[in-house]
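Please go over the structures that come below.
Shared between the two complexes below is subunit A, which has subunit B as its partner in the first and subunit C in the second.
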Partner chain A sequence: MEIEEVKDREEREPEELLHIEHLSVSFEQYQGGMEKGDLQVIRDLNVTIRKGEITAVVGASGSGKSLLAHAVLGILPYNATRRGKINYRGQELTQEREAKLRGREIVLVPQSIGFLDPLMKIGPQIRKGKKDKASRKRVDAILKGYSLKPEVGELYPFELSGGMNRRVLVSTALMETPRLVIADEPTPGLEMKLARRVMEHFRELADQGAGVLLITHDLELAMETADWIVVFYGGTTLEEARASDFQEEKLLRHPYTRALWRAMPQNGFAAIPGTQPYAAHMPTGCPFGPRCSRCTEECLQPVPWKEIRGGRVRCAHTEE
Partner chain B sequence: MLLEARDITFCYDKNNRKILENFHLQVESQERVGLVAPSGFGKTTLCKILAGYEQPEGGEVLLDGRPLSSYGRYCPVQMIWQHPEQVINPRLRMKAVLEEGDQVEERIVGELGIEPEWLSRYPGELSGGELQRFCIARALGKRTRFLLADEISTMLDLITQSQIWGFLMEECTRRGIGLVAVSHSQPLLERVCTRIQSL
Partner chain C sequence: MKGYGIWVGRKVVRMLLLLVGVSIAAFVLVSVSPVDPLQTNVGQVALGSMSQEQIAKLEEYWGVGESPLKRYLSWAGDFVRGDMGVSLLYRQEVSHVIGVKLKNSLWLMAAAWVLSGVVGFILGIVAGWNQGRWPDKLIKGYSLLIASTPAFWLALVLLMVFAVWLGWLPVGLSVPIGVEASGVTLWDRVRHGILPALTLSITGVSNIALHTREKMIEVMESDYMLFARARGESVWAMVKNHVLRNISLPALTLQFGSISEIFGGSVLVEQIFSYPGLGQAAVTAGLGSDVPLLLGITIISAAIVFGGNLAANLLYGIIDPRIRRGAAKQ
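What follows is the complex of A and B.
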């Protein structure tokens, strides 16, 4: 009976692709002269990406969203130190594995179309310089899939519109068969219709079995397209919820997530005062504590990450 | 006061299509007007023309019936831009950035949530949301009569967005400053504006 249940659950629950636990990232800095210090920008961060699903990471600028992407890809700057556990397909993601997998199994869709090489034609850029017949064929197929003509492969980025270049950026991720796609703010400044189209591309990748990590500050878009939403604040995860939990305020678990929800123009447009603390002045306990009306003694100590109502939260006051 | 765009025509390239053609807009001091249009329809261009940064090919911009250029060195129509990091001199400390404005009141700086400690920093040491607060303060100088907000909150998180708009709506009402807001977000414009016009 028990075994049956476990099996049943495994079938229902998608396979974990990437599992990040207690991740911390700190930067070595010089502070006024020759003094060296450590600036901790990410601490005790937990994120899980599942196969075939889109997980959106939302949070204010400076909450550590992009650093998470860089940590997974192993492209943090030289003065950064990473601690904690990152498991990819059940095995630890070491630096050697990262170097082997990035650009192949793990791909990044960068934040800006400025990442395209302005002096390289679109086709070779998507092929990453490969010249064999199979690669060329594949590029044509990918372009076709995004309703771009094969001739586009012979153009330079400046000859395309912003929306076309966005599609090219997504195409570069498709040359190999990615298992994990990390998209860093793929839709800024795009009108809703175009943003939705970009999101459809990611949904297709997920439907083909990839896991997608979508980094964004656009909660509305995340609610529409993601399966899971992870809320970042002050360098840590405050809540992991199903996107459907955002339909109602009372389904949300953390006071910060609720404040975000209430700040949406369609949900009251209410603002709480204050700003996210600077990394050097981060409180030891809940980073949201100084702005939270429910902050108590318990919140001044590190708050554990716990499971509640099918999601996870880091708050001492959330009830079952 | 009345800000008026009359018959504005504009194109970037002589051979290219016209971005704006015979465009009209009237904004009263007590109004907050939302502008909507798809990407590439000239929303930013229109703001630049209204603020006097670009000269239109045809037509004119009038403030109380007088051309904008007749108002002396400080333009009463001020613009806040989408990317704050691109409109701040990277080599000035934030205190000096504020001083570029027209005698910006202490009160405004405080109400925008600008921490005194930020004033001694360089732009590179602040986040986009923090920089945008400075840009807003700088645009709200003493002689400002109209404000153009071009996608000023797309890079901000929701809480900062509602903080900043809450402040702007109150400040504009208090001082009788007219507002033109450009945004892709319909729900946002519905919250902020007294009327919405399509380009």
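What follows is the complex of A and C.
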């Protein structure tokens, strides 16, 4: 009876691990003098993370990508407000649930060694200061899994070599069994070969059944390793596409995504004029509108998020 | 390890140079001071009733006619050989005078040092953790207020409240008046030390608290604290694992560095409480042109302060793995 119940639950378990809908994040700020204002950094964002798959959120610097990670983990600064809906494993992810799950089921892999305490040895750091035998054994096993010697646990962060850094950072996620791994820019400034190796670690985690949210500005790397690519611009999502859609320009749905595609060296290296608008000066409609050649009246109003050809897009002009 | 030895050696040489410099500076200041040792120590009236020979004898005793360079060199020559000379005012070996006075001052300063360090550290952490909220505002306000309050004024206020109005504690000195040395109890000594020690602690707290707060805010805003939160570490785990670790190093440096401030403060505070310590002896020696005693005290104080800073440097190297292991690797 019990076994059947468990089985039943597993079957009912949705493929969607994390479903973010209409997420917005704003900061309370003083704007010159004592006047308080709201700075909206993320607005109407939609992302879905599926079990066993890597979803890459790709966007330029300053588009608010890291805040997405912080919003899911519930570690936004105190002056930030989060609105919208985040569902995790079919249930709403409330702040209480976040507090319970972060570090256990939902883990963050930070972008650099600077996120480790400079004065704490690697081993204790991976096991969060716990001293029991089981934790120690687990750390040794994790290190071994990344072909790191147990002695690495006795080193301080500054003593790690560049190659060890990445593996240690991923190791921090494995103290418990994560279901959702959030990797915030895990490959900054890494050469392609090393970056690919880092991505292999995330692929392994996905193969073990975890969902991976990969936040990056490296479209090329995302195309190679992710299953889904979500294009992030001006604090919102413009397109959600399968990585395979990026093989051909015509499979892509949003003018910005197409512009990104054409900007890649192998596809013509063509840049478009203009820059991403600053959060305080974001247009009401499509954030890409001011730079888009196809911008019309419709684009000046909020554009709905719609499903087209197996992906999703926020554009008034995309046809089936 | 060899590099470490050279580093320590360098520090010691620097300390010796500093001591030479400090002694010269102190000597020059006394030499150019307008205070006439004879008038100050013997008195106008007494001088008037003395014969020429007597005055000449006294002048020789205070070294009035000698050239300053000769006086300094003769003092330095003796000092290097381990003879600190005889105090002109106390008519005792300088080393003996300093020994007695230092013993009085030392526990006073030690109590103030420990108390201000511990309280300041805790206040700093609490303020930094609650940055911008009321506990922070309260602690910051208090610290700034105290930091801008002169130590002697605070001493006078405490003296007025606790010794004069409430009468709980003695007005001054380190032992009760009119009691034989053998009859002085430990409690007597403690009671006389409370107010000066308290004054020194209160003024010392603000500096440590403000610096610790600053460092604490830095820690709170660090990436590793953000990551600790992301990993679901409890508040206590974060404090234990990251805050204390990262904040004790600067606090330690600060604590040893604050020895100089406590030392400086003790001069004023001892003067107000008529507490017969090193600080008061320094004032007496300076005003009375007691050059050997003044130079002796100057050298000893400078050595203690320098020793405190050196200890902080050394401890930093021992505790901080980035320095310790980094040096070992080279």
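We adopt the following convention: the second predicted complex is superposed on the first by the 306 of 320 C-alpha atoms of A that agree within 3 Å, B and C clash if a C-alpha of one lies under 4 Å from a C-alpha of the other, contacts with A are read in each partner's own complex, and residues count from 1 in each chain.
Basically, a residue touches a chain if its C-beta (ideal position, glycine included) is under 8 Å from a C-beta of that chain, and two chains touch if they have at least 3 such contacts.
Because the structure is predicted, anything quoted here is derived from the model rather than measured.
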Report for A:163: first if it touches subunit B alone, second if subunit C alone, otherwise both or neither. first
Figure out whether A:271 sits in contact with subunit B (first) or subunit C (second), or with both, or with neither. first
Answer with first, second, both or neither: which of subunit B and subunit C does A:103 touch in the superposed model? second
For A:143, is the partner it touches subunit B (first), subunit C (second), both, or none of the two (neither)? neither
Return first, second, both or neither, reflecting whether A:206 touches subunit B, subunit C, both chains, or no partner chain. neither
Quick check on the superposed pair: does A:75 touch subunit B, subunit C, both, or neither? Answer first, second, both or neither. second
Using the superposition on chain A described above, determine whether A:129 touches subunit B (first), subunit C (second), both, or neither. second
Looking at the overlay, does A:117 come into contact with subunit B only (first), subunit C only (second), both, or neither? second
Note: in the complex, subunit A contacts subunit C through residues 70, 73, 75, 99-104, 107-108, 110, 112, 114-120, 124, 128-129, 156, 158-159, 172
Which residues of subunit B touch subunit A in the complex? 38-40, 82, 113, 115, 127-130, 151, 154-163, 165-166, 184-185, 187-188, 190-191
Which subunit A residues qualify as touching subunit B in the complex? 58-62, 161-163, 188-194, 217, 219-220, 259-260, 263-266, 269-275
If we count contacts the way the header does, which residues on subunit C are in touch with subunit A in the complex? 223-224, 226-233, 237, 240-242, 245-246, 249, 320-322, 325-326
